[in-house]
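Read through the structures below before going on.
Below are two complexes that have chain A in common, paired first with chain B and then with chain C.
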Partner chain A sequence: MSTIDIELHSVSKKFGANRIVKNVNLAIPKGKFVSILGPSGCGKTTTLNMIAGFESPTSGEIRIRGTDQTGIPPEARKIGLVFQNYALFPHMTVAENVGFGLKMQGRSREEVAAGAKRALKSVRLEGFENRYPKELSGGQQQRVAVARAIAPSPSVLLLDEPLSNLDLKLREAMRVELKEIQQDLGMTFVYVTHDQEEAMAMSDRIIVMQGGAVAQEGAPADIYGRPRTSFVADFIGKSNILPISAVADAKTGNGSWRVLLGTAGMPIMAARMPGLVPDKARFCCIRPEAVRLADAAGALDEPANLLTGTIQKVVNLGAYLEAWLLVDGEITLKSMIRSSRLDKLAVGHRVELAIAHAAVQLLEE
Partner chain B sequence: MNRLPAILFKISLAAILAFITLPLLVVIAASVSPTPAVTFRPSDWTLGWYAALWDSRWLDPFLLSVKLAATVSVASGVLGALGAYSVAYAKCPGHTAIMSFLLSPMAVPQIVKGVAIVLFLSSAGFFNLLGTPGLVVAHIVLTLPFVVRMAATAMFNFDKRLDRAARILGARPAQRIRYVLLPLIRSGLFSGMTFAFILSFNNIPISVFLVKPGQTTLPITVINHLEYSLDPVLAAVNVASLLFILGAIILFEKIGGFSAQFHGGSK
Partner chain C sequence: MAVIAFSTLQSPARRVLSVKTFLPLLAPSIVLTLFFAVPMGMMIGISFQSLDGGAPTLASYSRFVKDGLVLAGLGRTVVMSGLVAVCVTVLAYPLAYYLARSTSRWRTVVLALAIAPELAGVVLRTYGWLIILDDRGFINSALMWVGVIFEPLPLSKNLFGVVVGLTHVILPFGVLSLLTSLQGISPNLERSAQILGASRLAVIRHIVLPLSVPGIISSLLVGFTMAASAYATPALLGGAGFKVMATMVYEQVLFYLDWPFAAVMANVLLILMVGVAFIGSRLESRLNQKLHL
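Up next is the complex of A and B:
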C-alpha cells in the first residue's frame, strides 16, 4: 500500500494570463499534519481548491490515494474540507449539519445519527445537537465545521485557514486541539495558513509557498533552522538578513565557511550548507536569539564569531529584550536577549557579542 | 428638545394608519346596514347581506377567482424560481439582459397589457383562449416579475460557499438544490407567490378584457353589479374578500415563513 495520500505532479494553474500556481510537485504522506504556508496571493488556496476539485489544474496531475483525479468532481473525491468562514448550513441543526455527509451517502437515519454523535464527540461538542449554528459561539461553530468534515470518515481533511476568524486565546487553544484530533483519528490533514506560528505549532511538515511555487519544504525545525532563501528566513520567525559580498574561503578546518559581510567586507564564519554552491550565496540569515552577549553567562561551547557592537535601541518585551546593535560601523543586528541582562544593555554602550558559526545561515537569494 | 418631533411623528403615523383603515371601517359598517340604501345605524344592524352572498351569483365568480389565483400563484412560483435560478444563481450568459426582460412587464400599465393580450389572442386566431385560459396566461404575465424579483433577491443573497460545502460532503446537484438552496430561498419564493396570489385575486384592469359571460371573476362581478346598484351586498362582498385574503396570507406565511425575511433570517 502506498503511504502517500496526495501527490501533485508538475501542477500549474492559470487564470487568464496569470500563472497562480507554477509547476508544483508535492507528496503528502498518509496520517501526517502538513501545512501549506505562505502570504496571501502565494497560490496556497488555489492549490487547496485544486486538491478539493473546485478548480482544475491547467497542466499537471493530482493523485489522491494513487488515483488520478482529472475529471472527478468534488462530490466524488471523498475528502473533507473545513472552510475559513465554516460555511455551516444555517437552516440545519448541529446534528443535521454534521450528519449531512453521511445522509448524502444514503446511510440510514440511525447510522447518520450515530456518525454525527461520534464526530461531535471527537471535537468535544456533545449536547449541542439540536442548536442552530447562529446560536453557537465562533469556537463552537469551528468545532461543528470540523465535525461535519470528519463525520463521513474521509482519508484526507483539507483545512482552509480555519482559525483566522477566532480571537488569539481561542486560536492558540484550538491549535492544540486540532493537532490532538488529527492524532486521535490518524487522518491526513492538509492545513492552509498564512500564520507561521500556527504552522510551526501543529505541523509534521511545512510547505512554504511563494509566488505560486514551493519555496521550501521540510520539518518545522528544518524550515526555521535552515531556511534556504531570504524569503523563507524572513517569513518564518524573525531574522537578520544581511547581504554578503563574497564567500571568501570555502575550506577552513572546522567545516565552516568564511564569508564577507556587507560592502566593507567584514569577515564572519558561517555554517556549511549541504547542496549550496558557495558562489551562489547572496545573503546570510542570523536569528535574533543567536546573537548573544559574549561573557561568562552567554558563553558558547561551540565555534563562534566574536564581534563588538554598539547598542542603539532597546525594547523591553517582558521575558525578552529586543536590542539593535551597530557592528563594524555599518551592519545593524537585531538580537533577543533575556531580560535578566538588562543592566548590560544601556544605549550607547559597547558590548562583546558571540554568534555561533552554525547560527549563520547562507541563503541562495 | 426631541419631544416635539417625536410627538409629531406619532401623530402623523396615527393619521396615516387612520387614512388607510377608516374607509375599511366604513365598508364594514355599510355591510351590516339594515336598508338597501347604504346607511349606518349602530342600534339597528343585520347580517342579511352576508347571507345573500351564499348564492351562485357570487359563489361562482368567487370560486373562479380562487382557482385562477391559486393556478397563477403556483405557475408563477415554478416559472419564477426557474428564471431566478438561471439568472441570479447560475448567472447564464446575458443574465442582466434576461433579468431586465423578465421584469419588463412591470413597466407596462395593466390596461395596456390587457388590451395587448386581447388583440394578440384575437389577431392570432386564438379566440377560444379568451376566457379562463387567457386569464391564466395574462395573470402570469402580470405576476411573474414580482416572483422573479423576490426569488432572485433570495438567490443573490445565497452564500455559494454553502453549495461548495454540500458538494465536498458528497451532495449531487439535485441534492444540493433540494437540501441547501431551496430551503434557504423558500421564504423569498413564497412571499413572491403570495404577491402573485393577491394580485391575481384582486385584478380588474386586465381581467376586464378577458372574462367571458358566465365566467367572470369576483372583482369584475362587483364592477358589473355596481353599474346597476350601490347596495350593501357590495360592501359584504368586499369584507368577505378581505377576510379571505387575510386567511390566504396567514396560510402562505405558515407554509413559507416569509415574514422571517423582514426580521432577519429564518429560525
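Up next is the complex of A and C:
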C-alpha cells in the first residue's frame, strides 16, 4: 500500500497569460494533517481546486492513491471537500445533508441513516438530525460541513479555509477539534489557509506557497525554526530580517558561520545551514524571542553572540514585553522579553544581549 | 434579498413620515388613479348595467354562466395559458441556467439574443410566425414542394399556432424570472454535491431544481397571466377558428356593442388571473420560507 495519498508532479496552471501555479511538486503522506499556507493569491486555492478536479492543470500530473487523475471528474475522485462558506444544502435537513454522499453511492436508506449518524457523532453533533442548516450557529454549520464530507469515508479530506468565517474563540476551539477528528479517523487532511497560527497549531507538515510556487515544505517547528527565505521568515511568526554583507567560514569547531551584519559589518556568528551556499545568503533571520538579556537564566548555556543594545521603545503585551533595541548604531532588533524584566528596560538604557549562534538563520533570498 | 436591503434602509429616525415623503408619489398616484383605478371601477359598474338602460342587473352574469360558447372560450383560454406557461418555463430553464452559470464572453451575447425579441413589436413577431406557420407558409410550402405532404398541415388558426407564437413572445420574461432565482443558488452548492459523488444530472435533480422551484413558479405565473391577457397573437394566429377570452371581449365591444357582457367577460378573466397569481405567489413565498428558513 502506498504511503503517499496525493502527488503533484510539475503541476502548472495558467488562466490566460497569468501563471497562477508554477511547477509545483508535492507528496502528501497518508493519514497526515498537511497545510498549504500562503497569502491570498499565492495559488493555494487553485492547487486545491485542481486536486478536487474543478480545475485541470495546464501541464503536469496529479495522482491520487497512485492513479493519474487527468480527465477524472470531481464526482469520481472519492475525496471530501469542506468549503469556507460551508455550502450546506439549505433545503435538506442536517441528516439529509450528511447522508447525501452515501445516497449518491446508491446505499440503502438504513445505511445512509446509519452513516449520517456515525459522521455526526464524530463531529459531536448528535441530536441535530432534523434541523435545517439555517437553524444552526456558524460553528454547528461548520461541523455539519465536516460531517457531510467525511460520511462517505473518503481517504482524503480537502479543507478550504474552513474556519475563517468563525469568530476567534470558536476558531481556536475548532482547531483543536479538527485535529482530534483527523487523528480519530486517521484520514489525510489537506488544509488550505492564510493563517500561519492555524497551520502551526494543527499540521504535521506545512507547505508554504508564494507566487504560485512552493517556498518551503516541512514540519511546523522546522519551518518556524529554520526558514529558508526571507518571505517564509516574515510570513511565519515575527522575525528580525537583517541584511548581511559577507559570510565567512569561522571554523570555530562548533560549526558556526561568521557573517557581517549591515553596512558597518558587525561580525556575528550564525547557524550553519546544510545545503546553503554561504555566498548566496543575503539576509539573516533572528526571532524576537531569541534576543535575550545576557543575565537571563540559561542565556549563555549555548554558544552565543554577545552584543550591547540601547533601548528605543518598549511595548507591554502582558505576559511579554516587546522591545526595540539599537545595536551597533545602525541595526534595530525587535525582542520579546518576559514582563518580570520590566525594571531593566527603561528607554535609553544600555543592556547586554545574548543571541545564540543557532538562533541566527541565514536566508537564501 | 430585496426585503433585507429595504429593511436596513429604514433607520428609526426615518420612521417619522412627513408630507415631503409622499410628495414624489403624487404624480404616479394621479396617473394610476385616472388610468387604472377609475376604468377598473367603471368596468365593474358597466357589467351590472342592463342593455335597455334599466336598473342594475345580474343578467349579463347569468348569461355568461349559461352561454356554452363563452364557457368553451374560457376553457380554451385556461388550456392555452397553461400550455404556454409550461412551454415557456421548460424552454427558458436551460437558457437561464446557462446565463446564470456561464463565465464565457458569449454570455452577454446570449443574454442580448434572449431579450432581443422584446425589441420588435408583438404584431411584427406574430406576423413572422404567420409567414412560417400559415397554410401557404414556409413550412407547409416546403413540405408540399418536397412531396412529404399533399394537404397543408394545420399549423395556424388553432391551439398549436397560438401556443407557438405566445411562447416566443413570453419566453424572455420566463428567462428573466428564472435567472434571478438560479443566480441565487451558490455554485459551491453544486460543487459540494459533485465532490460527494453526484453526476451532473443528479446535481440538477437534487440541488438546482428543488432550490429553483420559486423561480419556476414565478415563470409559470408570468407565462400564464401574460398568455391569458394576450390579444394580438391569439387574434392573428388563432383567427376565427380559435377564440379566447381576450378576442371574444373585443368582438362583444366592437361587433355586438354589448358592453355589459364584454365587461363581465373581462371581469371573469381578471378574477381568473388574480386568483392564479394569488395562489402562485402564496406558494412561492411559502417555499421561499421553507428553503431558506
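Here is the rule we use: the second predicted complex is superposed on the first by the 358 of 365 C-alpha atoms of A that agree within 3 Å, B and C clash if a C-alpha of one lies under 4 Å from a C-alpha of the other, contacts with A are read in each partner's own complex, and residues count from 1 in each chain.
Criterion: contacts are C-beta pairs under 8 Å (C-beta built on N, C-alpha and C of every residue); 3 or more make two chains touch, one makes a residue touch a chain.
Being a predicted model, the structure only gives us computed values, none of them experimental.
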Clash-or-fit label for the pair chain B, chain C on chain A
clash
Touching A:K44, do we find chain B (first), chain C (second), both, or neither?
neither
Touch test for A:R287: chain B only (first), chain C only (second), both, or neither?
neither
In the overlay, answer first, second, both or neither for which of chain B and chain C A:E75 touches.
both
Indicate the residue numbers of chain A shared between its chain B interface and its chain C interface, in ascending order.
52-54, 73-81, 83, 85, 87-91, 100-101, 104-105, 132, 134, 148-149, 152
Residues of chain B that touch chain A when the two form their complex:
159, 161-162, 164-172, 175, 179-180, 183-184, 265-267
Note: in the complex, chain A contacts chain C through residues 52-54, 73-81, 83, 85, 87-91, 100-101, 104-105, 132-135, 148-149, 152
Listed in rising order, chain C residues that touch chain A in their complex are 186, 188-189, 191-199, 202, 206-207, 210-211, 290-293
How about chain A: which of its residues touch chain B in the complex?
52-54, 73-81, 83, 85, 87-91, 100-101, 104-105, 132, 134, 148-149, 152
